[in-house]
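Next, two complexes with chain A in common: one pairs it with chain B, the other with chain C.
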Partner chain A sequence: MYKLTLIIRYLLKRRITHFAVLTVALCVFIVVVVMTVMSGLVGDIKQKNHAFVGDCVVGTKSLVGFPYYEELMATLEQADFVEAVAPVVKNYALLSPVGSDRSRGVEIMGVDPVRQSRTTDFAQALDYRRDDVARAFVPLYDPNTAGCILGVDLAYSRDALGGYSFSAQPARVGLTLTCFPLNARGAPARAGSSEVATRRFYYSDHSQTGLARVDDSMVYIPLDQAQALCMAGALKRVTAVHVKFRSGTSLGQGCDQTRTLWEQFKQSKQGAADSNLLDTVTVESWKEYRRTFVAPLEKEEAMLSVMFGFVGVTTVFIVFVVFYMIISHKTKDIGVLKSVGASEASIMSLFSGFAIVIGVLGAALGVSGALLFLAKINRVENWLYERFNWQLWDRTIYSIGDIPHHVEFSVLAVVVCCAIGACLIGVLVPAYGAARLRPVETLHGTQT
Partner chain B sequence: MLKFFLWLKYLRRRRIVFLSIAAVALSVSLLTVVASLFSGFIDAFERSAVEMLGDVVISPPPGAIFEKYPQFVERLEATDFVEAASGTLASEGLLHVGRGNVRPVGIWGIEPERRARVNGFKDALLRQGALPEAPTFEVPGQPGKTGGFVGIGVVAQADPETDEYDQDAVLEAMLGERVVITTGTVDLSSSEQLPKRKMLPFYIADVAFSGVHDIDSGFVYVPIEVLQKALHSRKDTPATTMSAKLRPSVDPELAIAQITGLWRVFATEELGWSSHKAQLTSVDTARQLQYRSIREFRKQMWVLLLIFGVISSSVVVLVFCIFYMIVRLKRCDIAIIKSCGAAGLSVVWIFLGFGATVGVVGAGIGVTLGYVITKNIAMIESQISVIFGLKLWSSSVYMFNKIPNQVDWGWAFTFAGLAVAAAALGALVPAIVAALTRPVDVLRYD
Partner chain C sequence: MSKRPVILKAESVHKSYRMGATRVNVLKGADLTVHEGEFVAVIGASGSGKSTFLHILGGLDRPDQGVVSFQDRDLNRMRAWELNRYRNETVGFVFQFYHLLDELNVLENVYLPAMVSRGIPGWLGVRRAAKARARGLLEQLSLCDRARHKPYQLSGGERQRVAIGRALMNEPRLLLADEPTGNLDSATGNGILNVFEQLNGMGQTIVMVTHDERVAQRAGRVITLTDGKVKR
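After this line comes the complex of A and B, so read on.
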């Protein structure tokens, strides 16, 4: 009880402790705001990549692809941990708008829209055909033409707030896609001729995945069209089969089981035609498959945390100095306490408790301020934009919507624990010094 | 002299002062490293544009193309402000490198000799970069064959561990190899407007490594006349951009005005363009073309520095606490000084000067530390990679294969100045408290 009384007394009487509280609050405020925005961005990118890919990918990096995918899909669909599977052909093509003599390189993705929607968030990314995904490649203005879906940034420009001005119906735009069809040996299918595979499609919808590189360069076409454009040979091939696991199946468990099924499937196809193409196929979780895009952000988040750790050393110093001051002024109190029987551990716990109180108060203040600021952060940014034409990110360049402001409990918990930990580190040496004081010396010194 | 003596005494006796020096040093070094890395990155970004494009870039209106570009290049080179100029015909295509290996590439039709005079293109060539002669598309050992250059990232992958290319191995493997580009254009005059596809086979005459990831992994270079013939056979020496290198000490703004004037005369007189169409041609410096991206990078740097700066401002509180404690513990010294006739202002200066000295020493250590870290950043990064298996810098993410290691002295001295000011500010209140000390109150009890 006396500890609590002393802590409250010191807190109220020694105003210097308020500086420690304020410093902790400032650090906590900034770290919570920055880490919330950063982890929000990273989490958002992860979620979008997951939504784009599904849970697991059985695929090859080679553009030649692999055969027997229909049998593989049937095998996977029979497994009790698999909810849906979708075949995909990925390749590159030249895109030329009809009426223009310019062309640009794009990625094409051949998909079965219904299967793809069951496996990934393909349908949710569409605009006109979101509720009728089976007809995603049927243009609203002409059901008899072959349609294609454009990455949204291929079709529209972002405005200053990161939005698009979509029309009520897709405009009639013809696009020619030209591909390099490869045979099963990886050679151009019609080498020696100037012919390459060319088809005309009409814009039927756009896809907004929120992934800048995808939305800026991806053209989706029907799976069979993609196979015809990019692949030649007797056996139909795909470059990947995307898999969605049933709820309750963990990612690691699902991927391991898929790997086992794949190995069995590969064994069963040994000696079959073009079975050598199966050797290049790997089974990856969505995190592994999209690591090129996710890993750098995670690294930056970690680097930022380390830098905050360095800057936070100043807070430890301040707590140290504040306690050093308090203890050097309160040697008489310590002498009295020890002379009435308080142990060294008791003195240590008194000051450690005080440090925890400072940490908790500072963290509470910082967290409250951060929550308040984060709740208004987008309004603040809008105000800054309207008033000073200033944005945190230029939305015409970056594919970022609102500034993430959803506070994660884990981030809060880590920051608060770090703040209290910093206070405890700061108090360690002064508290140890106080515990080692000899009552006779302190009381004797006071009398003289 | 008395002040100096007291500062030394307090530094020696009150070791807690070293904490404030350490805090100042830590903040200054961190801010210096962050600002230097960011500034270095932005500078490299700007420089890469100039090195790859030239000082000034002339681009046609949307949908249009330059014709008779060699004549305009000659006109430019005849002026006293342009040192060299060249034209580029750009397109896009699919490159077939080998079995199952097809990738989209940007195609630049160039005149290598002219281009090498306009920008640092020659230095990027692995084989011809070190040769005294101007670069050519001649394929070693295969005279008469159509040669071309490929970006190193187009035909090889960097080591995922070190993020470096085995340049010798790539050159040895790819030199003289036959590759095929598929590109095309649309004949707008035909009724069908179907694309005409062109296969451009060529032999690799050299491999380009500029250190800029997007350029190295996305572009191939072919003779401009080959691309002109394939894509625009009916046009007279077409080009999609023209670049110029300015003579030393020429003001870019002035040069742009003069080039714009020259172009308008050329376009209306030689090409028959309307004055309106000629006006739509943009003439920019390479730096202006990167303006939007650079503005964003700078903004991000400012935001990051602001965040770290605000947290670092707690140094003021730290110095305040330490100096307040010194003032409280050294009331006796202060009283003696005052009783000997020192004015209040003199006492203020003792502690303010001491605070500033703490700032100067801390800032000095911080700037030195920042310098050492920045200069050795590549080594530090590789050590982190070895110890923790964490590759922090990757050219595919940060565009360049080298981490910038130039210290931004402007920022470093700014932070040092701010640190000194912060330390002095922290010492101000304790100094005033010291100045207000009445000797009679203190000495009475001693």
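After this line comes the complex of A and C, so read on.
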């Protein structure tokens, strides 16, 4: 009982303990805020990448593509773990407004809007045709023209807060896409009188995936138009088939099963025309397919965790120093306690308990501060922008809306446990030293 | 020789300390026998090993050689927990510099030994009785009105009386006092010695070390520690 009494008194009376609590609180605050924002951003990017490609991609990096995709899709659709599949043609093109001699390089993606919406979040990314995705490539102003969907940053500029000023109706804008069609051998194919194929489209909608690179350079066109624009040859080809698994199917399991089906399919096509193109096809989960975008962020997150490991070490050291100072000032108390029968274990548990209380209080304070700050983080950022014209993430550059502020309970639990653990580690050496102090040394000749 | 039973016996106690490169032999075979209810003063010059001897008698330190037994139980053979219990229940210490805990008030300092020996449930069971005993001791020591004060608010004599109250809290069989008047003026020191005499009158066994012969004369028996040995 004396331990509890002394812990409370030390806590209330000793100013240095307030600094220890403050140190722990600050460390916890920083870790919770940064981890929440960082893991929120990483989670957001992952979710958007997942939504963009579906669960699994059977595809090739080659722009030539691969044939027999319709049979492949039929095979996949019969599998009980597959919910939907969508064929995709990806390529590069020059985009220029009709009547203008200026052009820019873009990526083009030929899709079947209905299939693509069943497999990915394609429809949710649209604005005007979100609820009528079958007519996504039909401009509202002229149903008889061929439409295209522009990545939102190709069509609009973001304001400083990351918003867009969309018009109620898509503007009538004619666009020309120019591409080099490739034959099945990967050679440029002559399209009419030229080696380049040019087609005119009209802006029918825009797509906001939240992925900066996609929204800034992607133009979606109907699958058949993309095939005609980018590919030549007797057999229709695609560069990828996106697959969505039924709920309950794990990513690993679904990809393995897809891989098996693909191998069987490839075997069945041995000797068929252009079957060599099937050799370039791989089956990848969305994480593997988008790893160039996701992996660096995951790496940064891991590096951040390591850096916070150093913060933890600093906390341990600070707690060590604080306790070393407290115990240096309390040697007389330790001698007195031993003279009235306190054991070494009891002295050790007194200071360990003290450390736990400091850890718990510091963590509680840090977590409360962090939750409060995170709840207001977007308001704080807006205020900073309005007052000082300064933004943490410039929305004209970074494709994020609000700063993530959803706190994961598991992150909180880990941080709190680490804070208390750091305090306990920090106190171990001083507490052990205190427990081993010989009362004779501490009581002899020290004046109260 | 007293006919009362022997309560504490020290035989040929040796103790040395290392001070830098040299080893200082403080006690070189000190003997002492204390009977129940005795008030013994151990007198000696500064640095003669009086405090060391007292700490060994109280189980705060262990001798290099020799035997210290309390009621025929060898302190050297006691386990750590038994020695803790001995210091908590059997012995009460009074130090020259009082050694009160600054964070606790007077009442809490007095009942500290009762708290140390118990966990929270055990303490809750005896809390009222322990507080009542602590208040009784403070009354006996004329410190009732100081119960809520902090040690720094008290005079030297008052602090020493609080230290005596703490030493008596668990009704120890043996009270060990290390220069209890060494830090007090003569009038205040006299008051402390009066308290000791009263306690001894009520049957309390006391061993007090001092360098002051006038203080030592207040005890029932005086022994002298010279050159690490008790001079008879």
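Keep in mind that, in the parts below, the second predicted complex is superposed on the first by the 384 of 448 C-alpha atoms of A that agree within 3 Å, B and C clash if a C-alpha of one lies under 4 Å from a C-alpha of the other, contacts with A are read in each partner's own complex, and residues count from 1 in each chain.
One rule holds in what follows: contacts are C-beta pairs under 8 Å (C-beta built on N, C-alpha and C of every residue); 3 or more make two chains touch, one makes a residue touch a chain.
Note that this is a predicted model, so its numbers are computed, not measured.
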Original post:
In the superposed arrangement, does A:346 touch chain B (first), chain C (second), both or neither?
Top reply: second
Original post:
Touching A:315, do we find chain B (first), chain C (second), both, or neither?
Top reply: first
Original post:
Any idea whether chain B or chain C touches more of chain A?
Top reply: B
Subject >> Touched partner set for A:168, first chain B, second chain C, both or neither >> reply: neither
Original post:
In the superposed arrangement, which partner chain does A:91 touch: chain B (first), chain C (second), both, or neither?
Top reply: first
Original post:
Is A:306 touching the first partner chain B, the second partner chain C, both, or neither of them?
Top reply: neither
Original post:
When the two structures are overlaid on chain A, which partner does A:198 contact: first (chain B), second (chain C), both, or neither?
Top reply: first
Original post:
Is A:440 touching the first partner chain B, the second partner chain C, both, or neither of them?
Top reply: second
Subject >> Touched partner set for A:234, first chain B, second chain C, both or neither >> reply: neither
**OP:** Give one of first, second, both or neither to describe whether A:34 is in contact with chain B, with chain C, with both, or with none.
**Re:** first
Subject >> Of all residues in chain A, those that touch chain C in their complex >> reply: 1-2, 4-6, 9-10, 13, 332-333, 335-344, 346, 438-440, 443-448
Subject >> Sites on chain C touched by chain A in the complex >> reply: 51-52, 55, 58, 60-61, 80-81, 84-89, 93, 95, 97-104, 108, 112-113, 115-120, 122-124, 151, 159, 166, 183
Subject >> Touching residues on chain A, where the partner in the complex is chain B >> reply: 16, 19, 22-23, 26-27, 30, 34, 62-64, 91-94, 96, 98-107, 176, 178-180, 182, 185-188, 194-196, 198, 292, 296, 299, 302-303, 307-308, 310-315, 317-318, 320-322, 324-325, 328-329, 392-394, 397-398
**OP:** Please give the residue numbers of chain B that touch chain A in the complex, ascending.
**Re:** 16, 19-20, 22-23, 26-27, 30, 34, 63, 91-94, 96, 98-106, 180, 182-188, 193-195, 197-199, 292-293, 295-296, 299, 303, 307-308, 310-312, 314-315, 317-318, 320-322, 324-325, 328-329, 390, 392, 394, 396-397
